[in-house]
Amino acid sequence: MVWTRDQMAARAARELKPGNFVNLGIGIPTLVANHVPADIDVTLHSENGILGLGPFPTEDEVDADVINAGKQTITELRRTSYFSSADSFAMVRGGHINLSILGAMEVDEEGSLANWMVPGQTVKGPGGAMDLVAGVPRIIVLMDHVTKTGSAKFRRSCSLPYTGRYVVDMIITDLAVFARPDRQSRFTLMECAPDVSVRNVMESTQASFDLGDYF
Amino acid sequence: MISKIYETAEQALDGLLRNGMSIASGGFGLCGIPETLIAAIARSGVQNLTVISNNAGVDDFGLGIMVRSRQISRIIASYVGENKEFERQYLSGELEVEFNPQGTLAERIRAGGAGIPAFYTRTGVGTILAEGKEIRTFAGFDHVMETGLVADLAIVKAWRADPFGNLVYRKSARNFNPIVATCGKVTIAEVEEIVGPGELDPSQIHTPGIYVQRVIHAACNEKRIEQKTLKKEAL
Amino acid sequence: MISKIYETAEQALDGLLRNGMSIASGGFGLCGIPETLIAAIARSGVQNLTVISNNAGVDDFGLGIMVRSRQISRIIASYVGENKEFERQYLSGELEVEFNPQGTLAERIRAGGAGIPAFYTRTGVGTILAEGKEIRTFAGFDHVMETGLVADLAIVKAWRADPFGNLVYRKSARNFNPIVATCGKVTIAEVEEIVGPGELDPSQIHTPGIYVQRVIHAACNEKRIEQKTLKKEAL
Amino acid sequence: MVWTRDQMAARAARELKPGNFVNLGIGIPTLVANHVPADIDVTLHSENGILGLGPFPTEDEVDADVINAGKQTITELRRTSYFSSADSFAMVRGGHINLSILGAMEVDEEGSLANWMVPGQTVKGPGGAMDLVAGVPRIIVLMDHVTKTGSAKFRRSCSLPYTGRYVVDMIITDLAVFARPDRQSRFTLMECAPDVSVRNVMESTQASFDLGDYF
């Protein structure tokens, strides 16, 4: 039984530490906010210039000047601060954001990732993804284990243009969790979804990885 | 005292527009964009513009208007989704796009305004956006050299201005506006509210008036929302 | 919610001081200096410090206290007048000084906090402060490459803080404080007033709490004036 | 009859244009503020992070948090804004300050100037002087024509360490005014103090300069 998107998000939420400043990408990573344990105090960052993202607003609370980097309406918290885009990315580039959780099209076994363009398809631009993977000291990728057509997304090397090289610390998919202690190390399979075997994971993965002590 | 307040966007733009010029615009998505000035520049018919902006608007709003009227020949941006006509012009080669990582774009604009011709960043190293750029190692990591950006004209949206051109932005509508204000040879601000001299707290001014040559009261203030997302309970 | 408020300077400094470390301090002259934290670091007896600060205090106040107690072995600064003991140690070679143009120092501190290892500026080109540094031409003008600065500990003085470490500075006591707050591996702020959660306007926070790990209420708040200059009529 | 310091400051004040943002150095340049014509609206900049410097305070108005770059107590105006040192020098370096008027120990005929250190004497540091001369598009030097020991301060080349090279646009001394249209040109003698002859000026000047049409 593979993990649902909410279960993946919940697994990622377990990586949050008290006091962390966290940037959540668009898509599945956004769901992580719903799974932050009550005793873990984290502050969410949005690259358009907000620290302390609050939940989505009620109809009455909607304010066109309070949006996140996904252009979604959000709300303020008591801790919220606003600042310019330059100041926002100074936080990112300077390593002040503790953790970024983002989606990916492909990750390779060296932890390089691709998530911004597919040659031949319309290019929308990198947005803040390259800045986040280059600047944030801990990068967690949340993605489906294989593409819609069934090909492996955790690969020997990326086939798509890179967003960043050697930057991913942990990969959480619907099948499994991979992690590595530092960016020079190989990835180790840490967990599998219920009833998903190591063999299942290996068959759906192109990258080589180590098996943890658990297996 | 010299007041920087102009009556209309046309008056504020008078004498500043010429074909082939560069224009930097504040805003993120459709949030905090200078709606009034964009519309006036579109109406002016000025051509062959190089635009510096994080986004390119949507088909019928924001910079998308100037895309549709084919006034932009080149754009320096970080994300240009949500715009079909843009896509068509881009794919057909009518519109040249220079993609930047968003933080690099922000820093390039700040650097241009701050007299810094170039700086180094790890962002983009090893990607196609660093191709052809100088790579240099600091503290054991490769960095790419990026250059400062300036524009002939900068247009920004603020919440409040005083007659000296001091500006205060509202919430996340601040985004690129404060840095864009610094990078223009001339900067025009459109604002929701004009207040009297001395009404802004000197410690709470986001953009000092030195960066702002002209100010108008915003005539368009639609503030279109791209993704109205509500609390689940409220749906 | 995790509160960043500590009771005393000693508690806020606990575990952070070690001989040979680097400490960046906010302030300009004696204005906006973290008086309480400087005094506590002086009392701690920590030795062989590298200090990053625009100035070095006066003989009996500000960083001058740590000069007198010979805790500083190296200082990166722009102007160190008004300090006789400093002068004596400097001339005798006990104290190493690295002079920076003031704007270059400010930008180096900002760059360090913003993850920029180096940038180019025209400031200092052709002077002895550019000797040994890389010179490079942009747009026909020589520029010197300057590097980002970070510190093991940053200490700043603010007016108000909330329990999240969000800071607001008062008038020209802001000066180097906002950038110094960004360059520390750990940053401690001492403030005149601690306010409750939500009492600071989110659009008016000068230093977001992400940069501030610990906050204390300032125990010393002398705010000594170096040049009390009065209106002629009032003399 | 040589010009007094106030007359020199008044002469410099005539160079101010409406709407200018101006940085005044310590010493004689500070006096310029007293001579700004009523119909010329200028905004004074202080490198510690102020635009819109007001006059010195009354005893009641003194605020330790409102000081200029000379560490003197000053006051706010209705136009005043405060900002960080990084933002302050972004204005300077970025060429946004229109004019800087500062003192000098020496200026040479190429417009390089020295005003921050004398070898063998205590070095206090450059402060913001190097930033100002490198970043501000128009630099006016206000200085005595000769040193206390009578040697020329406008020289063939500076004997003291430079603050900046090829940066001075105008020199106002107690004897004369020199100016040049751009930083590639030679200086031209524009004015002499009353009863000061061109010969007097030449005798007190080591630099070579052109004589204006006036002479």
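Order as written gives the chain letters A, B, C and D; numbering starts at 1 within each chain.
Simple rule for what comes next: a contact is a pair of C-beta atoms (placed from the backbone, for glycine too) under 8 Å apart; a residue touches a chain by one contact, two chains touch by 3 or more.
From a predicted model like this one, the values you see are computed outputs, not experimental measurements.
Listed here as common contacts of chain A and chain D: B, C. More C-beta pairs in contact connect the chains of C-D than those of the other pair, out of A-C and C-D. Centre-to-centre spacing of chain B and chain D amounts to 35 Å, using the average Cα coordinate of each chain. Note on chain placement: the centre of chain A and the centre of chain B lie 28 Å apart, centres being C-alpha means. Counting only residues that touch two or more partner chains, chain C has 107, 110, 114-116, 121-122, 169-171, 174, 202-203. Counting partner chains per residue, chain D shows two or more touched chains at residues 76, 82-83, 89-90, 92-93, 135. In terms of inter-chain touching, the protein chains here follow a pattern that is not a line, ring, star or complete graph.
Each chain pair that touches appears in this list: A-B, A-C, B-C, B-D, C-D. Chain contact summary for the complex, chain A toward chain B: residues 46-50, 55-59, 62-74, 76, 82-86, 88-90, 92-93, 112, 122-131, 134-135, 161-166.
Contacts from chain B toward chain A in the complex involve residues 28-32, 54, 77-81, 87, 90-91, 97, 99-104, 106-107, 109-110, 121-129, 169-179, 206, 223-234. Note for the complex: chain A touches chain C at residues 18-19, 21, 41, 43, 45, 51-52, 76, 78-83, 87, 89-97, 135. For chain B in complex with chain C, the touching residues are 107, 111, 114-122, 138-139, 143, 147, 168-171, 174, 202-204.
Residues 1-2, 110, 112-116, 162, 164, 166, 182, 197-198, 200, 202-203, 205, 208-211 of chain C are the ones touching chain A in the complex.
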